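Structures incoming, each one as structure tokens.
Here subunit A shows up in two complexes: once beside subunit B, once beside subunit C.
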Partner chain A sequence: MVATPDIAAPSAPKQSFLNRNRHYVLLAPGVIWMVLFLIVPLAMMVYVSFWTQTTFAIKPDLTLKSWATFFGSETYFGALLRTLRIWLTVLFLTLLIGYPTALFIGQFVRNKTVQTVLLVACVIPFWTSFLIRVLAWRPMLGKEGAINIVLQKLGLIAQPIEVLLFTELSVIIGMVQIYVVFMVGPIAFMLARIDESLIEAARDLGASSWTIFRKIIFPLSLPGVVVGAIFVSVMVLGEFATASALSGRKVNLLGNIIVTQVGSLKWAFAAVVGVVLTVVMAAVITGLLRIVNLRREL
Partner chain B sequence: MQQLTATRWVLALYTALFLAFLYGPFVVMAILSFQQGPEGGPQFPIIEWSTFWYKHVLGFAPPSRVAPLPIGEALTRSLTLAFATMVVSTVLGTLTAQAFRTHFKGSGFVFYLVVLGMMVPGVLLGLGMALVADQMDIARTWWGTAFVLHVVYTYPFAFLVMLAIFNRFDKGVEEAAWALGVPPGRTFRKVTFPMIFPGVLSAMLFALTLSYDEFPRTLFTGGSEVTMPIAIYGTFAVEIHPNLFAFGVLTTLFSFSLLAIYGILMSASVRRANARATGIQEDVA
Partner chain C sequence: MMELHGLGKTFGGKAAIADLSLRVEDDEYLTLLGPSGSGKSTMLRLIAGLELPDTGRIELNGEDITTRPTHLRGLGFVQQNYALFPHMTVGDNVAFGLRNRIVDPVTDETAVARRVGEMLELVGLQGLDSRMVGQISGGQKQRVSLARTLITEPKVCLLDEPLGALDANLRERMTVELRKIRAALGVTFFHVTGNESEALAMGDRMIVLDEGRAIQIDTPDAVFHTPASVRAAKFVNAYNILDGKVEASAFVHGDQRLALPTGAGDAAHYALRIDAPEIEPAGTTTPAPGRASMMATFVASEFMGSRVVHFFKCSDGALFEVERHLSRSDPVEYRGGEQRLLSWDLDSVLLFDASGRRIAAAQTKGAA
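Coming up: the complex of A and B.
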């Protein structure tokens, strides 16, 4: 007991230095990592988009040429519009298809265990490699694929449907199936948090089920919708693998163009497409965050 | 009330259909993985049931025109990379979350900086890193440039998981340990760590699975030595064969065993905690 102060004394200044700067010591590794490997690469991308592109290399002579090429070309500007169109379609469909499931899990299943089991059942497909899941849509959608076989056996169609594979439709089907779970999860989470007495009170006051949904359940689930929409948007806007696998390289999104341009060493041009994509994404996320104040809601 | 019951049944039926939609491609894939080989293609009808493609994946099949998947090297690389990513991102995530337990200036900035890592699409980050490496003459390798990006991607997940754990954590227990003169290092080992262990385990699982399956970041920064997802991506350009489906089924089984290990460790940790709590109660009594 007596010895303790003696031992503690020499280490006291060191201790207090660590204590005073404890935050910085704990934060430094993570912050340095993120600045070096996240901020620097993104800044580099913006910078390089103004460089001069020669056949095989890039030179740090600033120019707007790559930008002019992007906005002057039907192909590239068209890819931007196509990306936006597919993103909106997938976002709308994931919400439309995912919401009823989330409603069932979050509101109608009151048993916590069953809720968890259902959510885990939704997540299990994620333990198969993403790329293999995308490829698995090919034998599903093809001319002699599972869907056509089943529909023909049922006598619903005489001829196989050919537009199912290697079209924009197949890309949309694939993306909806892959990303819909990111919509279901957050919405179900918010729905499960709704205080049941609120709904009972509304019912006692004579509100119809539709009114309860419109006035109570949907507004309270909105933060979940926004979180889900952010997840889906971020992933769909940055997509390229689903598009190239399911469209036979016919549907080119901004991501596909980046991959092709990098492949042919057109770094400056790839950087331009990257900056465009970043701007689109930032606008989308800011817009979505306008709908609800997430920091307050969560 | 009757209307409500009807709604419930409709929604239950809908959810069942929804799950069928989620599992459909997987089921088709599993069926087609038993296609006859090496002539049978990745489509219906099944010519003859066989396990040829499983043998092909595992390297037991006689050589044929279908090139074997680079299981040995690529899978080893992927697993090594995933393991390293898991360790580093869990450590970083825990450190940062630890700092967030008390308020400090600039916490908002740090929070968004870290979360940005999981928001930026992989293809952008891969491109940016490739540009940096290209200009600074750094060789692009799976264990270098790709590895740091994997951590950028998984560290935010680990951070958020640990943040949630620390939020529900009773600070009094730690303070009691300090008050009793236990040094901070020992307190962390003996008091803090056992309490946050379930969170650490979840963060590790997140990082491992995300990194193992990651490919847009690796595509531009991995260099010529491919990881497993890049090897699979390479087959997109050429003809695909049912060996990919067999591989998919095998990796899913592998993931399930990982999940099972996680479940066992998790319930063991919970049981130990319960046992300890009962022990303490008995001591008090």
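Coming up: the complex of A and C.
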């Protein structure tokens, strides 16, 4: 006796809606989340940036006025350029300081425990609040701060150096210190993954240490550099706290403008700056991802 | 020609290599057989310059290269895991040494391309230069790794278990290929392996390494037929080795008394190639004159295609293997637990003294 399989029978009951569209159902939570919390707010921001702003009210009558103000004003357009300049400087400096640090942790320290200890040591400053870390730079860099006192005591300078605090320089110093660890982490991770035998093979094939770094170690750590650069870029481009705390409000970044405009209820103008910032970040990330195919490398 | 003089290296108080002396000739295929932990990899790393020896010298064509950095030695090292550069194409991997070596780099890209092409053809990978390393098979990676080393024209090419990661089929093909490639280039291959059949099949000469010491350096044929020590006999994996002692001109092993060839001295190990014994018909209790014998209990058989290996248990529980080639006879079925008399020619017996050294006189013809 053979039982007829009823799976393929044409008279099978109609599959339920849920069954037929199972993959869409599974996708739905993610899609709904993204639409609700990413697409809609972004669209809203773009929409609001075209609203009409008067001193005390905001009306949904579409106008280009806010956009014209942003690109027409020395102050606001200058802030965009300053943001880009500070971002590039900080990115360059975090890479310059972060890469050798990561190289040391990831390549020269071969003991996994020591590696972990060193990486944790990099993170320890994060156990204090962001504001404290930023404000701690004031007594360091000030006119009567630690650096000036030490330099004067050593007789290296007669007058305190005033450019140290409440300038673009202090903002850059503060940002580099705060964000360099986000560069070190991903790079050290990629470097630690490089198989020792690759370096031995290269050495055996007659390559010098410098060549090995250029042709093997650096290219293999590039995904880490890109990930680190994305971290640093996203955080620096949206920064406002370091800039206001260490520049005495003299250095205005796009983030600072958003904060003050929202504070004075100028929603339309804040939205313009927000859109500009989003576009800049998207362009930066796209550009960085062009350097290396992260999906393949990680 | 490369010479090692009294090379020694200890790791954490334990000798990985001890007093190793060796002469590697030009244009030869030298294999090194050693079980894992015998110091094989350490020895290669010392020669390649990836580790420094504690004692001893390494000379290459009369020059002392003991402390010379790896990249100036002119030796090739094919690593066990291939160590291909994952971010480069096959062609760039092979060209790496030519382009980037510190001594005499090749800057002319047409010359590089020509030589890479030639080398890929030699290892049978023509046309694959633009593939990424991740897109080729294990066997191809092995060949790329070999090509990458050979293109730098090393004086000696060190191969660390080159066939270890390949499947059986591929391994057999590469065995032939490696010998062919070596002969074509006339370069010395120093091939390290833990697999006795590989070491026996491929080497012009072979070294048996045990606990950091070379216990025998000879042709594979000589190592196989007359292992210098009981450890060497163990490594070629073709001997039954019985432990016991000589008493009243017989070798006592458990409750069995085995006949001895002349000049047995005070043998402590009695070794017999696994294809030497005959399994006597059921009921036989005494062997033909001039043959040694032993009663043993049949355990199981393992069919290997062209041959079959029968496993017997000696009276003291030790396993005793008997190999039969099926081209000569049909397979015979035995019952588990069956007692059989195993007998063998006294000429085929090898004896080793208590320190493990072979007693040479045991070679002489004639039964006791």
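Quick note on the criterion: the second predicted complex is superposed on the first by the 260 of 298 C-alpha atoms of A that agree within 3 Å, B and C clash if a C-alpha of one lies under 4 Å from a C-alpha of the other, contacts with A are read in each partner's own complex, and residues count from 1 in each chain.
In this section, a contact is a pair of C-beta atoms (placed from the backbone, for glycine too) under 8 Å apart; a residue touches a chain by one contact, two chains touch by 3 or more.
On a predicted model such as this, the values are computed, not experimentally measured, just so you know.
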item: Subunit A as common anchor, with subunit B and subunit C clashing or fitting; value: fit
item: Which superposed partner A:L198 touches (first subunit B, second subunit C, both, neither); value: second
item: First (subunit B), second (subunit C), both or neither touched by A:T211; value: second
item: Comparing the two partners subunit B and subunit C, which touches a greater set of residues in subunit A; value: B
item: Touching partner for A:G155 - first (subunit B), second (subunit C), both, neither; value: neither
item: First (subunit B), second (subunit C), both or neither touched by A:G72; value: neither
item: Three-chain overlay, closest Cα atoms of subunit B and subunit C, distance in Å; value: 7
item: Of all residues in subunit B, those that touch subunit A in their complex; value: 3-4, 7-8, 11-12, 14-15, 18-19, 21-26, 28-29, 32, 42-45, 91-93, 95-96, 98-99, 102, 104, 110, 113-114, 116-117, 119-125, 127-132, 134-135, 148-149, 151-152, 155, 159, 181, 209, 213, 215-216, 219-220, 228-229, 232-233, 236, 240, 244-245, 247-248, 251-252, 255-256, 259
item: Of all residues in subunit A, those that touch subunit C in their complex; value: 195, 197-198, 200-208, 211, 215-216, 219-220
item: Sites on subunit C touched by subunit A in the complex; value: 48, 50, 69-72, 74-77, 79, 81, 83, 85-87, 96-97, 100-103, 148-149, 152
item: Residues of subunit A that touch subunit B when the two form their complex; value: 4, 22-23, 26-27, 29-31, 33-45, 48, 97, 100-101, 103-105, 108, 118, 121-122, 125-133, 135-140, 142, 144-146, 149, 177, 180-181, 209, 230, 234-235, 237-238, 240-241, 244-245, 255, 258-259, 262, 267, 270-271, 274, 277-278, 281, 285
